[in-house]
Amino acid sequence: MRVGILTGGGDCPGLNAVIRAVTKSLIHRCGAEVVGFVDGFEGLIRNDTRPLAWRDASGLLTLGGTVLGTSNKANPFQYWREDGADVSDRAASVYHEHGLDALVVIGGDGTMSIAHRMQQKGLNLVGVPKTIDNDLMGTDRTFGFDTASMIAAEAMDRLHTTAASHHRVMICETMGRYAGWIALYAGVASGADVILLPEFPYELEEVIRICQARERGGQRFTIIAIAEGAHPEGGVQSVAKTIPGSPDPVRLGGACQVLGAGLEAQIESEVRTTILGHVQRGGSPTPFDRVLSTRFGTYAAELVADGASGVMVARRDGRMTAVPFAEVADKTKLVGADDPLVRAALDVGTSFGTASLTPDLSRMA
Amino acid sequence: MRVGILTGGGDCPGLNAVIRAVTKSLIHRCGAEVVGFVDGFEGLIRNDTRPLAWRDASGLLTLGGTVLGTSNKANPFQYWREDGADVSDRAASVYHEHGLDALVVIGGDGTMSIAHRMQQKGLNLVGVPKTIDNDLMGTDRTFGFDTASMIAAEAMDRLHTTAASHHRVMICETMGRYAGWIALYAGVASGADVILLPEFPYELEEVIRICQARERGGQRFTIIAIAEGAHPEGGVQSVAKTIPGSPDPVRLGGACQVLGAGLEAQIESEVRTTILGHVQRGGSPTPFDRVLSTRFGTYAAELVADGASGVMVARRDGRMTAVPFAEVADKTKLVGADDPLVRAALDVGTSFGTASLTPDLSRMA
Amino acid sequence: MRVGILTGGGDCPGLNAVIRAVTKSLIHRCGAEVVGFVDGFEGLIRNDTRPLAWRDASGLLTLGGTVLGTSNKANPFQYWREDGADVSDRAASVYHEHGLDALVVIGGDGTMSIAHRMQQKGLNLVGVPKTIDNDLMGTDRTFGFDTASMIAAEAMDRLHTTAASHHRVMICETMGRYAGWIALYAGVASGADVILLPEFPYELEEVIRICQARERGGQRFTIIAIAEGAHPEGGVQSVAKTIPGSPDPVRLGGACQVLGAGLEAQIESEVRTTILGHVQRGGSPTPFDRVLSTRFGTYAAELVADGASGVMVARRDGRMTAVPFAEVADKTKLVGADDPLVRAALDVGTSFGTASLTPDLSRMA
Amino acid sequence: MRVGILTGGGDCPGLNAVIRAVTKSLIHRCGAEVVGFVDGFEGLIRNDTRPLAWRDASGLLTLGGTVLGTSNKANPFQYWREDGADVSDRAASVYHEHGLDALVVIGGDGTMSIAHRMQQKGLNLVGVPKTIDNDLMGTDRTFGFDTASMIAAEAMDRLHTTAASHHRVMICETMGRYAGWIALYAGVASGADVILLPEFPYELEEVIRICQARERGGQRFTIIAIAEGAHPEGGVQSVAKTIPGSPDPVRLGGACQVLGAGLEAQIESEVRTTILGHVQRGGSPTPFDRVLSTRFGTYAAELVADGASGVMVARRDGRMTAVPFAEVADKTKLVGADDPLVRAALDVGTSFGTASLTPDLSRMA
């Protein structure tokens, strides 16, 4: 049995742990030969490979990044190096040239979408869900999310102490362009006072009201977790208008700076911003993510060994299962207002920046 | 509405986070007055309390330990300070004296057993499951377990590098007297070569065989995760017999030392042992445990507010639910040989120290 | 004996450890009464105090921030709340009102400058040097610097792995407006390929040359540590000119964004930026900083007990000593091109972004 | 120029960082060829080598352990594999066979002693001091010590919180057989109440007096840091005698268990023990240790390039310098009762377990 493996899309803690689990498991189960493609689908298109023996998979469990490299540009159906040409036939012939029985692709919704189309071309693919954002349909959890949330929560823990020394509003921007899971999770974990998500456009006046209520109540600080995709109700220009001199909205910058500028103009406390950026994607995965990666990887190997394809492994209600590509390709799982974690956050006094998603401030004293 | 709260049994990361969530949530939901009992049931018996206002609950989320104190000796039905007398009526009258509508008890199987009996005396109790060992029936997960596993996994990560420098066998003893979840989880997370659990008595010869196969195969080290309750097939004396001079089995010490002595006598590599002990119970909980504690606490408050009692909150298949005390009191959830994580570990080459739970070593090269 | 204590200027890990050490040491040495002033000199001006008994000082060692609060605006000689009026007499009378024998001030060069002038008004002051930037004259080291450097180095470690997965240039901005010690130290600690400091204006062309040499040499990434005060030779406009469309230099933003924009226009790899901000100031101090804080604090207490004043405690060549305020007030210790750490960094292949401070790239292959 | 390098003695965080710095620096300075000997002097005796090019040295900075392997048994003057024979001539001829101009040896006092004798045989050696114990003569600091202290301090931080929940005495055993620097440093950093070192035999009665005074004073816990080489005044039998049933002293075990048994017999609080063991030697070095390793390594390369030999690099008063082997071989730097850190610890209320090294308990309330 010969099996290929590649990692697609953005980097994510746990990729190496999955590569290790798939490789070791396939060798252990059926003595398979495993071959890695370098830089995601780029390696499939350009036939750039490296063999993966048992020994090559050793030591990968705790390692950040991916030893195979990845790319978030390489799409066989629209290849960036050739003006968006369809080179999927070329990719398919590389697959056959290597005599592969299956290809395991580790990636996000974009990767699953490509996998879906390659499957339709007669190849056998099995997907492993990957996104630090945890916004993939069909699975409760993706690896990398626990690590990203932990990094964001630790940063907010640090901001907490320094905010308390200074009468300050601290804004911390996490990743999450379309879905706010990291900001939600890290915000609840670090006791953020306000959590702003792409899913709930925030009302600047409401955020100001909370900061001021806290100032009046004698609390020395307000901690705000904001996802990079969070935006004000009414758009950036609605914030710009409230700032003396009404600056060009473009000059304000990203989510964190827009909110910061809007607050600074109207509250007494100093406002400070932190943008964590790619720090959230790097380094060794947490034990939780290593275990999840190992389970995803061994389950993918089991599916391959059993001849299954056209599916992505998933964790549902705590159990491993397989989901057809069609159910997950190009779909995003968003935070809902009735999500249990949103309700729990409201219960302990956290606001989501809108009047309807703010707890009763009068009881919090 | 007046609600009491106490923490029973051994210390566990996340206790303060639960106290905070229960308190804030009850105040926010129904303006309840919350009173904490000091040192677990000891405080209920001796009427030792402290009020818990919103402000008292602030800053607790990330704090290790329990601000209320705990005790693993105080049982109202068998009170240690009075020669094991039944003082449960006294405890019940303290409950009524405070005019409580309910009492939230955070604890393990022993605490749930006491809660069950107090409930039968006409008090209203709601339980929150707590054990770093994750061995409580009725719930998929308990808070504290993620933190304990992370601490154990980090220690094993460190042992990994130093073992590789020296041709060594490194044994790391984790908590887990009856159930081996921490050793299993941390062992998988850190890529232990052998994991020994109370549930599967190990065969010393098999462990030796693995260490020697690795020596021969050119690997410089073997990492063994062992739960404090793990023991050899045939008992300690069976190991003592294999050691030159056959020492008194009692002199060998705990799980870690017994195995260490048994290995040292028969393999070439040096053997080193680490006993993590209570380090696994202390310090700030991981973000995962803080979120879980917050969800448990707010859900317990919801149950109390809704008038429910006689139940423990639980997480099943990712959702919060309530389980009758009778289902969980004095029961232990053990690791089974068919547990998915055990199977995943075997797949990536980890042995559980018995011939039947060891992967095919011939393929691991 | 009665002694006051306050913390001035920006927040810094280890402030609480110093407060603890000064307080406990004064009580232990001479049974002193210690009183804390709230929010730095603000508390001295407004007579806002809290008593500090032995017990109040317990538990502070590992705590981030300052329990006394701080302010970087409150200067008795130019009081912000009263239009910059000189209220130093009022501050002095509060000192006398409390019957103080001495006042311990923990702060940076600005605080030492105020202390110097208060001393000249006949008060007895002893200073403890504090700045995460380590740029205070007269002392080899300040507490907080080890913690800040560790946080920055850990962030760069994470960026390292994710950069390697993607063919990327990663820029990480650290604190350091005038002096680049954090960027230098964290950059060396994490193996940054380029370190850019305020002291050495960088040549954009040189940085590009290095990135391109690494791309050509097959290295997948370049890590750049940049202090917030680092700037290009020729100013921001010189960078703006090299960018297609020549954007308004103001629109580019801070140090990190200016460099990022300059690189993005001319190299093939993707460029990503991280701005750590106040995360570097918060959280529990490292053991190194806790020990240093304890030594600074106990030595300050010793000086006070011995009747010394008008001096700042300092560490020189590993030993505690006292330095007159005049020698340190309003002075900054900068990184020199002949600093041993700069030379060591060049030796292991790190460039400082100028032709004269770049190693011989031809040997690095 | 051809230069050899080896790592001797026990493992230590920062070894790889030194290997990297020496290698890169020698290549960068003089285009040297560098060759590594495997497993310390074992590799020199058996001519087991691997080349070290620039690229081989990349990625080593943050890595725990040593890629060259080490041995604490291989002494050319008394070779364990050949019944203690003197094989130093064979080792010397391997040196000449490789045409080496110098050999850099990274190790502790034992390694420096061997280096001293090899130097006398006409070889050129330069030493780099290594010991997590920081007990090497001639240098203020050794790399690895900061990492070991941080790991020990973090463990004690965790024990602190869990001790406070339970009315407990927590004993944490650190490394340090002859010198107590790790226990001292980590103890001060984590606010241990009692610190027990090999240098000051402790009085069991005094330790009991402190625990009881704390119990009476309402403090819920006592934290004791103990070095593995610490022992009671009067020997283990003097402790055994105080325990009911007077157990066989040998059965009590190591430093931690002896003290634990002695306390348990006489105080009310529960006693719990943790033995950190080799966890202190493993894993990624702290930024402090990485910087120190880099400075040691580049300075060693500078010495080699300048033709110096017969010396060990050292840090004295914050500066790099060279010390003749004779001054450091087989010598140990002990903690003195007048060490500034001991005095600082006493000042903040820490006892060293003897009447003369215990602060005035009456003031600590």
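Which chain is which? They are A, B, C and D, in the order written, and residues in each are numbered from 1.
Everything below uses one rule, namely that a contact is a pair of C-beta atoms (placed from the backbone, for glycine too) under 8 Å apart; a residue touches a chain by one contact, two chains touch by 3 or more.
All values reported here derive from a predicted model rather than from experimental measurement.
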| item | value |
| --- | --- |
| Relative to chain D, chain with the most remote C-alpha centre | A |
| Chain C and chain D, separation of their C-alpha mean positions in angstrom | 30 |
| Averaged-CA centre spacing for the pair chain D and chain A, given as whole angstrom | 41 |
| Contacts with two or more other chains, residues of chain A listed in rising order | 154, 157, 160 |
| Pairwise touch network: line, ring, star, complete, or other | ring |
| Parts of chain B lying in touch with chain D, wherever the complex brings them together | 7, 10-11, 15, 63-66, 69-72, 151, 154-155, 157-167, 170, 220, 250-251, 253, 272-279, 281-283 |
| Residues of chain C touching chain D in the complex | 20-21, 24-25, 27-29, 31, 54-55, 61-62, 140, 146, 149-150, 153-154, 157, 160, 185-186, 188-191, 284, 286-288, 290-291, 294-295, 297-299, 301-302, 317-320, 340-341, 343-349, 359-360, 363-365 |
